[in-house]
Every structure is written in structure tokens, then in C-alpha cells.
Amino acid sequence: MTAREQHHRPPFNEGAEPREEPSRFGIPELAEMPDDVRAVIEDSHAKLGFVPNVFLAYAKRPEHFRAFMQYHDLLMRGPSGLSRAEREAIVVAISAENRCLYCVTAHGAALRILGKDVEVADQIAINWRTADLSPRLHAILSFASRVNEPGFAADAHEIAALRAAGLDEHDIWDVAAIVGFFGFSNRMAGAMDLRPNQEFFRMGR
Amino acid sequence: MTAREQHHRPPFNEGAEPREEPSRFGIPELAEMPDDVRAVIEDSHAKLGFVPNVFLAYAKRPEHFRAFMQYHDLLMRGPSGLSRAEREAIVVAISAENRCLYCVTAHGAALRILGKDVEVADQIAINWRTADLSPRLHAILSFASRVNEPGFAADAHEIAALRAAGLDEHDIWDVAAIVGFFGFSNRMAGAMDLRPNQEFFRMGR
Amino acid sequence: MTAREQHHRPPFNEGAEPREEPSRFGIPELAEMPDDVRAVIEDSHAKLGFVPNVFLAYAKRPEHFRAFMQYHDLLMRGPSGLSRAEREAIVVAISAENRCLYCVTAHGAALRILGKDVEVADQIAINWRTADLSPRLHAILSFASRVNEPGFAADAHEIAALRAAGLDEHDIWDVAAIVGFFGFSNRMAGAMDLRPNQEFFRMGR
Amino acid sequence: MTAREQHHRPPFNEGAEPREEPSRFGIPELAEMPDDVRAVIEDSHAKLGFVPNVFLAYAKRPEHFRAFMQYHDLLMRGPSGLSRAEREAIVVAISAENRCLYCVTAHGAALRILGKDVEVADQIAINWRTADLSPRLHAILSFASRVNEPGFAADAHEIAALRAAGLDEHDIWDVAAIVGFFGFSNRMAGAMDLRPNQEFFRMGR
Amino acid sequence: MTAREQHHRPPFNEGAEPREEPSRFGIPELAEMPDDVRAVIEDSHAKLGFVPNVFLAYAKRPEHFRAFMQYHDLLMRGPSGLSRAEREAIVVAISAENRCLYCVTAHGAALRILGKDVEVADQIAINWRTADLSPRLHAILSFASRVNEPGFAADAHEIAALRAAGLDEHDIWDVAAIVGFFGFSNRMAGAMDLRPNQEFFRMGR
Amino acid sequence: MTAREQHHRPPFNEGAEPREEPSRFGIPELAEMPDDVRAVIEDSHAKLGFVPNVFLAYAKRPEHFRAFMQYHDLLMRGPSGLSRAEREAIVVAISAENRCLYCVTAHGAALRILGKDVEVADQIAINWRTADLSPRLHAILSFASRVNEPGFAADAHEIAALRAAGLDEHDIWDVAAIVGFFGFSNRMAGAMDLRPNQEFFRMGR
């Protein structure tokens, strides 16, 4: 399940030779994985019908796998005043700013499913600034984009705009934490040259 | 056929109010259009089952409609050593660099159909630098991206790299012309705040 | 008339060897040109006393020559609420931002002649932000500069500022179209490494 | 121990009113903290003689405290082919690129102590490009700086340069992970407007 | 002689109201100036037929006038392996990169006169990268442009390229010093909003 | 006194070979210096206990030494409405923006001593935007940072903000002049690859 399908490339891109493995650093065999890591992978396979390549790539370093997934799940599934779809919208908008192929693809699919609005999900994946957003989601993504800039420090005015949009201090923290964590994830995907699973391109459409 | 469907927005984006018309400058009634413009629009409706919003937006200014479409068709359908899919790949890669919602969406659909490789088309729509490209397509998009930079002037080394990839002088001209013309188109779409048709998001998948 | 004069270079730039032809892609002989293209060129020679190099460069591809000139003339000479000098001011300001040698030189000459104010024309050719502008021209060039940024989409506030300066929707469209078309032209000049005619440096002074 | 000392400001900055608490989001009382969080904080106080403000700031959200500290310790203290001082050098160089006051200050102190070379530590805190670096450390920080750029994806050439400097694949992964994690940390510090403890400015000198 | 001529503005810029004085900070009366400052100003008037506005602006602060002019004359007229025209070419190229209206105008005039090649002088004033340069002048302006970037530190390779072009260490120092000093001058002109004399636009043509 | 101490490098930076001389262009022997230059150097040695490397580097070109030091002293010690500590704060903030190792180090030391607030001095050396500043110092450094941008020209609004903070026109001039002069100095330090004296890292702590 880790190998990438060979498929015919049309003339317009003839001779392209995608790397066999989804990560530059290679991926382990299922049998080599610690039990807890393998359990997560088998579980995702059972639920999705395939294993997202990010799991296989991180499984190469089980301690990193655990630290990454724990933090990821806290941010994306833990209690928060932000809905799960709003959190995915932040991930997609920031990953698009950082031009991360894997994250836009995988989280774009998640946003299409959770947000139940394919059109707006695809708009955010291209440019959140020209997407059809509610005032609340616009405020969230505007702040997210500011946090994504290097050297940013929030000022009182920016915090006030978020509070006016209905976010409390924990929600504001959560926006910043999701931006920061996925900027980290975008950079790991870049270092790994992580390839997205083909399934993501079609999910939720 | 010019009005945008109202559809239920899920809670994650509640209260979003997309503009009724696809262009900030409004769009004309079919009956108001000159015959040649209306003919193009009816023709596209017959072929695609819908009218791309860019046609409706430009129909507001028939002289502009004609100049734009004529140049567009010369570049995208005229004789060239570049395949039609390669030309669409240039448009998608550059429109993604310029973060143009309309052009990535509409030409992304065209590339999925002409290129016959949904996955690579969607990769180019996110970041051509991490797409699975043949050496020839990589050379073409690298040069395209350079032309897209303000202040660029080609040097002999860059031209030589394209010739090594099999392009002749007319092909190199065509790459530059497509980049420049769609940079123009991206900017018009931004000034119009042009909304993509929902149909594009699903075409070719 | 297409060859560039050899002239003595002073010691400060000794050994410079400008390319013989004004375009990297070469220029055709008059006799090789289609009649309509040759007619335009002979006409410009009759009016100006020389042939702007952009004509000769585009004559290499007659279909491109026709599409380019038709669009150019629509934007620069067609009916508009913008005066011809205002339109040239947009071209010069944007070409300076894009650092296009040919366009600043050729359209700088046109602006000096049409605007009848050499000093302000030369100010705009260096930096429109520090030129002595009327509130109306300042509003026009501010919006033009915004459209020139990649990823720009106009918001209601920016449109309102232009309307306050007396522009209607067609005029706003025209500003954006001129910016976009000459950004295209700047990029073609860069790909061609197009050399300006010496005559432009002196015209209108 | 959480309040910031008031001290006299000299005339050159008269009237400055630093925020009383080290984080915009406030910090909890020791008594409010879960036992495991309080234990970490008391432990750091025992070892250092003060509590780094990052601990107090994160203690506001115990689940975040745990996820952050676990990942931090894995990266900075876990097994790796990179020495602890090399890892701190990466943190300081990247935090300086991102202009993060808290991280340059706190990790600058750590680098002075672990690296046992105050001068080079302070050079890296200003600009690693002009620091007196060994070829190995220069290769590490060059790659770190590349990963820090948005949109970066490593190519084979860059990986080869690191391997030539003696790093294996795990070490390269570790460089990328430290860059990404502290880019995240820099952004959280910016969102919190996190103030560094005064003690850091003097440690290790 | 310090007041700017009022002249009719054509319709394209109707209502423009240039500031009466050439510097935001005002200029002194001749009678108020110290003798040595007034002597320099009267001398320049005798030689040029007008007083460059930079003299009048600096005369407001005689100590600054003296420090600035002394350093200026050392760099631009002192002994150096760089010809005076080469030095003016550096000033014009850097002032164009910094988009300084006064300096491009005034030193552009000087370069036209000293370089005895109006065309190349005007090319450098727009974009030195597309000017017709000798290998030596290209090497000089390439290094100048690098020094102009914030955070630049020369490496051995860049120094070697200049030596290969015939510059010795003093000449390299002189290039850097001219870039730095005129970056300073560009910034003072920006703070003063310094207006160029109309005479400069016509000199040397 | 001109040679840099060899000292043991710890394993984390093993093999680093700092250049023997503090400037890429070398430094002269004391005996070779003109009397006035040597007097300044001996005087600084007597006062500080060491000779700042910038003196030795400039002594290589005595005419440059004199012009630089005279301008420097006028700006940093001449009469002004800005305190000497405020002037050093501008130098440190701008040199940090320009990432100049020598100037942040040497003027950081001066600011720690003159400002009598080590913590704020070190904050400004990292990022003035997140330093604990008074409204006056914040206004000064905001304007300084604007002047540091290439292409800046002050507008009436920015000048008014400074006047509201208590600066008169001479003070505003002084801010701009200090920014410009030290941008020049930063660039000379970059061209010289000027190494800071070790003593600076410890002074004023």
C-alpha cells in the first residue's frame, strides 16, 4: 500500500519519473513499525481505504510520529471554540500561502468534506482573499495570514478585531497554534518532498 | 444563466454573501449584446453546458471582448510547437503564482481535460515546483516563472536551456507571450473580482 | 532602417557590444512582411521619421503583430474617460515599476509630447510616488500600481476612491486593462531583450 | 515569580510601560496548575533560579504545555547526530531570521552556555551568514535557512551538500524539524507577545 | 533663484500643486548662510547657471552641508582607479534601484555629460541590467547592486570577479563607498522630499 | 593590538578559521598611519582599553577615515534634540534591520552604556518592534525604519506623527541622517566583512 501506482503519462508530460516512495527519506515496512504506530496506520486504512502518505513518512521515526500526531490531534480535534471545518480552513489557507503540495491536497480534501461546501473549500485552496467568506471566517483567516508572516507580533487592534468576530482568548491562541504547527508541517513536507496520495485529489467532490 | 445559484452555506462559513453577479462591473443581458459576441456565448453554452463567467464579464465591453478573445485564441489554439496541454500548464502555473482564483479554476479544469492526468494538473495548480514534471515541462515552467517576475530580461543561458529542451525560437516566444497575456488576464480578473463558475471545480475529474 | 548605428563608446564603457538587432528573436526584412504589416510600418516611418523597434520585433510573427496592435490601439486610442496623456502616464508609471527599458523609453517620449509637461513626464518615469501629481492623477496611478501587484483583487474602498476622483466604471476598467496589457508588453520586451530606438531618448524634449 | 520587575527607565525611553504579565494571554497561578505542569515549572526554577516565561505562558493551556514540551525535548534532547550546541545554533539562527525576541534571547543564552563560545553565539544571534563558522556548521545553517523560506522543497543537490558535511538522513530530518518547530514557536511567541526573562540577557556571559 | 517656477499644467495633470520650496525642511536665504557655504553655492551658480537644489537644502544645516560635500567630493572627485563617469554610473544605477527622483535626475545629467553617451546613460537610469554595458562596467554595477541589498556581505568569489575585471582593492572599496554614500543621499532626499531642478532634465542632451 | 586572539573553538564549531585581520581589505601598521589618524586611534585605546576595528579598517584610507569620522561625530555627538542614547537606539534598530554584525555589536554596546537599560538595549538589537518602548521612542524608530526602506519619501502624515511626539524639524532631519549614514556604514562593514572586537560583546553588561 506504500508504493505509488505507475500510470500512463500523456504526451504533454512524457518522461516524467515520479519518485517511487512518497518521502525523500523513504518509508518503513509495516512489519518494522512499533505496534502503536502500526495500529494508527491500520486504523486510518480501515477508515479511509488508504493510508495518507504523511503517516508512512513519519513512521520512519516513531518518536517523531508520536509527538507530531499527538500535537496534531490536540489542535485539530481537541476542544475549541473553532469548528473543525474552521480549523481545516486555516490549514488550507496557510498551506496555500506556503505553497505546500501535500498539505493543500490532503487538508483541501478534509475541508471539502467537513465544510460541506466544495466551492468555497476550493476557493480557499487557491486564495482565501478572494474566497466568498463570512465576516467571521474572513477575520480568522486574516489573522492567520498575519501570524504566518515572519516577524509578526500581534497588536491590541488585531486582537480586538478577532474578539469582535466572536473569538475568545483560547480561540485566538488556537488560530495562532494551528498556523504555526502547519507552517512546521509544510516545512517538513518540503524537506521530505512529500507526495500526496492520489485519493486526496478526488475526495469530497 | 448569468445569476449565481444561491445554495445553503454550512455553519463553518455562515453569513457569507457572495456577490450576485460574477463581475464587479456587472454583466449585460444576452439581448443587449452585439450579434458576434452573443454568438460566441451561445456557442460556448452549447459546447460546455454553461457560459464561463469571463465571457459574460468581457461582454460588458464588446470591443474588449473581441480583442481579448482574438489574442487568447491565437495564443492558446494557434499553431505552435507547444501542445495545447503544455500551454494550459503554463497558464495554470502562472495563475497560481499570481493567485488568481478565476484563472486557476477555469484553466485548471482545461488542463485536467487536455492533459489527461488529473493528478499532475492539480499539482501544477498548487505549486509547479513540486509537481511530477518531465524535464521538458520543467524547463518550460521554469522559464515561464522567470518571465512572470517583474523586471525580468532573458539572458543567453536561459534561452539555451529551453533550446536544449527542444523548443525553437517561436516556441520560446509563445511561452513568454502566454505568461504575459495571462498575467494581464489575472489582473483583469482581480480588478473585476471575477467569480469562477461552480462547474469548473468539478470538470475533468 | 532596422540596424542599430554603431557609434563610438567613450572610455567609461569601452568594449560594450550592443546586439546588432533590436530583438533577441531577430527582425524580418520589409520585403518579407505581409502587406498590412508593412503598411503599418511604412506609415509609422512616414509619421515619426523612424520605425519603433517594437513594430519590427512583432513583425517577425504577423499574427501576433496584428493581435497586439489592435488591442494596443483600442486601449490607447479608443474612446475612454481617460485622456490620452493620462493613459500614457499609466503606461510609464507601470513600466518604471517593472523596470522595462523599452517601454519607459518609448512611452516616456509619448508622455512628454502628449502631456506637454516634460518635467512631470520625466518624474513619472523615475517614480510616480514622488512626482508632482494632481489628486486625480495620483488616484489613477495609485490604483494602477495596486493592479500591478501580483495577487491583487480590488476591494470596494479602492473603487470608491477612484469614483471620488471622477472615474466611472468604464474608466476604472480602462486603468486596469492598461496596467495589465503593458505588464504583458513589459514581459515580451524582457523576453525579446528589446532595445529602444535612440530617437526616443530625445523626443519631446 | 511570574511578575516582571519594575525598574527605573532612563530618560532615553521615559514613559515606557511594559505589560505586567509576560504573555498577552496571561499566566496562571502555580496553585491552579495541574501537578505535572507545576512539577516541570518547579524543576526549572530549582535548576535555573527562575522560570522561563515560555513555561508560564504555556501553562495557561496544560494540554498545549504537554504537547509542546514533549516535542521540544524530543528535538533538542533526543538522540541525534547533531550535538546539542548545533541544535541550539539552528534555533538561534532561525529565530533571528524570524526576528523573535523571546527565542533569540532564551536560546541565545543556551547557545552561549552549550557552545562555550560566547562570541560565535552572539554572532549567530545577529546574522549567521557573517558568523565565523566551520564548514559543517555553515552547511547546517544554510540548509536551515532554506527550510525556513516559505514554499521550499529540498532538491537532491542540497541534500548532497549536507551529506558531504557528514550528516546522515536522520540528521537532515532533524535540521528540518528543528527549523519547523521553532518557526512554530516563534509564531506562538509573536501571538502571545511573549516577553523574555531579564535573566537570559546575562546568562552565559 | 531658490523658488520653483510656476508653469501652466496641461489638462492631464490639472490642479497639481508642487510645493514652493525644493525641500520639505525649507531653504535659507543666501544672506543667512555662512560665508564658506555661500561661496560654494555662488560658485556652482557661476559654473552651471543655476544652483542644484541639494545645495540649498543642505545649506539649512551648515555643519551637515560641510560634512556631506566633503565626503561627496572625496568619493566623486578624489583619486581612484574608477573614472569619473564610472562613478556617476554607479550613482545613477543605485539611485534608480532606490527610485530616488532627485538623484536619478541630477546624476543622470552628470552621467550624460561625463560619459558622453546619452543613450547608455539613459539606459542605466532605467535599468542597468538591460543597458548595453562593457564587461567591466557590468561587473562594477553587479557588485554595486549587491552592496545595495540590505544584509549583504561580500564573499571571496564576488571580490575575485571584480579583480578579474581590472579593479584593485581600493577600487572595490570605492564602489562600495559610493553605493553606501548615495544610499544615504537617496534616503535624505526622500526625507526632504527633495525636488530636482528643471534644468537637470535637459542637461547633456 | 590589531590581531584577533586565537582561542579554542568547542566541538560544535570545530574547524572554523576566522580571518586573521578584522577587514577584508587589511589594516595598516600604527607606524604607517598619518599623525592625526594615529592620534584618534591611540586616544580610543586609552579611553576604551582597545581599538574598535572600524578605526583600524578605515585607517587603511586616511582620507576616508577623516570624512567618515567627522560625519559620524557630527551626527552622534553634535547638538540635537535627540539624546545620545536615542541616537544609538536608531543605529542599533537600523543595523539590526540590515543585519550588520559589526554595527549591532559595537553600537549595541554603546546603547547598553548610554541608555542605562541593558534589557531594552538588547531588545532593540533583536527587533525594535517588540521592544518595550516609550511612545516617543516608538515614533522615532517607526520613522527610522520607514526611511531605511528603499524608495521611501516622507509624507505629511508621517512628519506630523513625529512632531506630535515632540520632535522639531531639525530632530526629524537628524533621525533621517542617522538612518542614512548608518545604512552606509552597514554596507561598508559588509563590503569589508568587518569583524567586531570581542570586547563589545561584553561591554555594558
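Here the chain labels run A, B, C, D, E and F in written order, and each chain numbers its own residues starting at 1.
In this text, a contact is a pair of C-beta atoms (placed from the backbone, for glycine too) under 8 Å apart; a residue touches a chain by one contact, two chains touch by 3 or more.
What you see is a predicted model, and the numbers here were worked out from it, not measured in a lab.
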| item | value |
| --- | --- |
| Any chain that touches chain E and chain B | C, D |
| Rotation in the CA alignment of chain B with chain C, degrees, nearest 5 | 180 |
| Separation of mean Cα positions, chain D and chain A [Å, integer] | 25 |
| Separation of chain B from chain D, taking each centre as the mean of its C-alpha atoms, in whole Å | 44 |
| Chain D: positions in contact with at least two other chains | 99-101, 127, 129-130, 151, 153, 190, 193 |
| Chains that touch, pairwise | A-B, A-C, A-D, A-F, B-C, B-D, B-E, C-E, C-F, D-E, D-F, E-F |
| For the chain D and chain A complex, residues of the former touching the latter | 24-26, 61, 63-64, 67-68, 70-71, 74, 78, 97-101, 147-148, 150-154, 159, 169-170, 172-173, 176-177, 179-181, 183-188, 190-193 |
| Chain C residues within the chain A interface of the complex | 151, 153 |
| Chain A residues within the chain C interface of the complex | 127, 129-130 |
| Touching residues (chain side chain D, partner chain F) in the complex | 7, 9-18, 83, 85-86, 89, 96, 99-101, 104-105, 114-120, 122-123, 125-127, 129-137, 190, 193, 195-196, 198, 201-202, 205 |
